[in-house]
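Labels for the chains are A, B, C and D, by order of writing; each one numbers its residues from 1.
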Amino acid sequence: MSLALDLALCALILGVALATVAGSGLFRAIVFFIVYGLLVAVGWVRLGAIDVALAEAAIGAGLTGVLLLAAHGRLRRLGTARDASHGAHLLSALAGAALAAALAWAWFVLPLPERPGPELAAAMPRAGVENPVTAVLLNFRAWDTLLESIVLLAALIGLWMLTRERDWSGRLGLPQHSRAGGVLASFGRVLPPVGLLIGVWLVWAGADRHGGAFQGGTVLAAVGLVAAMAGLVRPPRIGARLWHVALMIGPAVFVLAGLAGAILAGEFLTLPPPIAKPAILTIEIALTASIAATLAFLVLGPPEEGRAP
Amino acid sequence: MRGIWIKAILHRTVLFGAIWGVLTAPGVEGLVAGLFAVPATVWLSLRLMPAHHPVALWRLALHLPRFLAGSVTGGIDVARRAFARDMPLNPGWVELPVDLPDGGRVALGGELSLMPGTLAAGSHEGRLLVHLLDTEAGFDRTIPREAADIAAILGAKRTRDGRP
Amino acid sequence: MADLATIALTAAGLFFFVAGTVGLIRFPDTFTRLHALTKADNLGLGFIALGIALQAETWAQVARLGLIWALALLAAGAMAQLVARTALEREDAE
Amino acid sequence: MTLWLTFVALGVLASLAGALWRVWRGPREADRMMAAQLVGTGGVGLLVVLAPLQDWAALDVALVLALLAALAAVGFVKARSDDGAGDPEEAPPTPEMMRPRQTRHDPRGRHG
């Protein structure tokens, strides 16, 4: 019976993936992609990967949907919201199939991924935290995470480079507005506080259970976007100092902690046990601020004048 | 006015504190983090939704059973229509003036959308737009009663456009 | 006893979920479908959460189920009004 | 109990699959969007059922999904507005779309 459930879930995920790429109509593909994110989150829960499921729920079912829908709305306003030509379809189908084949080949050739082995179990007491995922991300393989946080920042800078000259000093994204006291505005007043609480909790719980800077930061970005889209909170301008600090603080604190490790333990980014837990918590809090701000700004887009002056 | 604010801060601290407690239970280490998280949340909530109306919690509690019962009736009604062979539907719109502050009108709309046969589509110039699943079943008769309940929850103070 | 109640409540929840889907498929226009979705689905979720709450091991899990349902209701109330209004504004058949 | 709850989970999954038909079929964008909403609520329900079957931590994922359930719909109505940044409630409703009680004796209603 449990096998039937997993098979049904897999079939549904595959079916939705096919419907996303096979059907005509951009909007339909976007909605299927949102649904795909939802189902994949359930799939990760079935696999026992709660941390990944949380990230997928917040990113796949939350932020990506808003981003794609906004992009589609823009294409429609520009009058270019139509399907790609057959040739382009064929080309991307071939590229996708080649990528899938390469992944499948790698999956069969590489040794089967083992459950976190005895090495991780032996190392856990030195980690400073009890959640093995957090231990790996922020201690044992901190390099990857540090570089990822810098990549995210680089992506935002790349996006901002698309700003038109005359819009440079404007606020991020389109000028959002809503009817005062309407449904959207009221929803934007009620949801963000609860989201703030849940986002902070995800970061806090990440040390010992599941969650972490990425999941918490994404939730915070999402509810911040709700407040911004409801026209209640005005997005900052590119030059705003406070937000520069928010964007930079994650990677900066990470590098500082790495230097502290270099002095105390003789190797960059090695967190010796006595300072591991406070260091990881500090990095997590700083990373959360940076991830939340970066993701929210990425979805808002570069400054644009839009309709209002 | 000051009484409303103090009451609102108290209410919201208790509410968000309870949510934080639920999230971090069973451990007690979460309480320390809560000392920062809960006040920050209360501040954000007061900033986004200033306390203009005294909320009568006991009236809200009184209203809850009615809402739950209506929600169950609404679900059964929709299920009955969905499964019926000839699908008895008779959809149409009504527009009705609702004398509530703006947030209250939205809450009423949301509630009506979960109650039998009614679905709100926001409002226009103080009039709530309601879609009826069956224009002859008298679903709209209950709307004034719900509006009165919400008005009572929000205190007696009512303004037409609700803006402070 | 709790198990029996769980079975009854989750069965009711499943019934409403299926009813919501049947309504979504069978009802003739956007607005009536929105009725089916908003009402039946959240009732389904409510009954399932209630049934699972009887299996919970701690009160925190029960309260968390309540919070999940409350958030779903809030989302449904806002979503129904917003989507209905958008659908009201213009025809957009592709 | 495990058997029954697995059955319920399968049932919820089946009702999700039904909603996917509406995503495919449309015809209006609002129809597809609300079907995705159904999948969201169904996903929350599925995770709630999985909690006692598998891991109570599934509730935390359900909580995040429920919190962000309306996010896609909000993104949709924003993107659908004239300048991509508005609110459907700002414009007056189109009169020909909501002639009150106009469809009284037409059980099939309006088609989008």
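What to note about this one:
Simple rule for what comes next: a residue touches a chain if its C-beta (ideal position, glycine included) is under 8 Å from a C-beta of that chain, and two chains touch if they have at least 3 such contacts.
Computed from a predicted model, the values in this text were never measured in an experiment.
Comparing chain pairs A-D and A-C by the number of C-beta pairs in contact, the larger count belongs to A-D. Among the chains, the centre nearest to the mean of all shown protein C-alpha atoms is found for D. One finds 23 Å separating the Cα centroids of chain A and chain D. Distance between chain A and chain C, defined via averaged C-alpha coordinates, is recorded as 27 Å.
For the pair chain B and chain D, the distance between mean C-alpha positions equals 20 Å.
Chain D has its Cα centroid 9 Å from the Cα centroid of chain C. Listed for chain D are residues 14, 16, 26, 29, 33, 35, 60, 63, 67, 70, 74, 76-77, 80, 88-89, 93, 98, 107, 109, each touching two or more other chains.
Multi-chain contact residues of chain B (touching two or more other chains): 19, 23, 87, 89, 91, 106-107, 109-110, 121-123, 129. Multi-chain contact residues, meaning those touching two or more other chains, occur in chain A at positions 27-28, 182-187, 190-191, 194, 198, 205.
Taken chain by chain, the contacts link every pair, so each chain touches all the others.
If you check the complex, the residues on chain D that touch chain B are 88-89, 92-93, 98-104, 107, 109. Only residues 2-3, 6-7, 9-10, 13-14, 16-17, 20, 23-24, 26, 29, 32-33, 35-36, 39-40, 43, 46-47, 50, 53-55, 57-58, 60-61, 63-65, 67-68, 70-72, 74-90 of chain D touch chain A when the two sit together in their complex. Residues of chain A that touch chain B in their complex: 180-183, 185-190, 192-194, 196-198, 200-201, 204-205, 227, 232. Interface residues of chain B facing chain A in the complex, by the touch rule stated above, are 12, 16, 19-20, 23-24, 30, 33, 37-38, 40-42, 44-45, 48-49, 101-103, 105-107, 109-110, 122-123, 161-163. Partner chain C is touched in their complex by these residues of chain D: 1, 4-5, 8, 11-12, 14-16, 18-19, 21-22, 26-31, 33-35, 37-38, 41-42, 44-45, 48-49, 51-52, 56, 59-60, 62-63, 66-67, 69-70, 73-74, 76-77, 80, 88-89, 91, 93-94, 97-98, 107-112.
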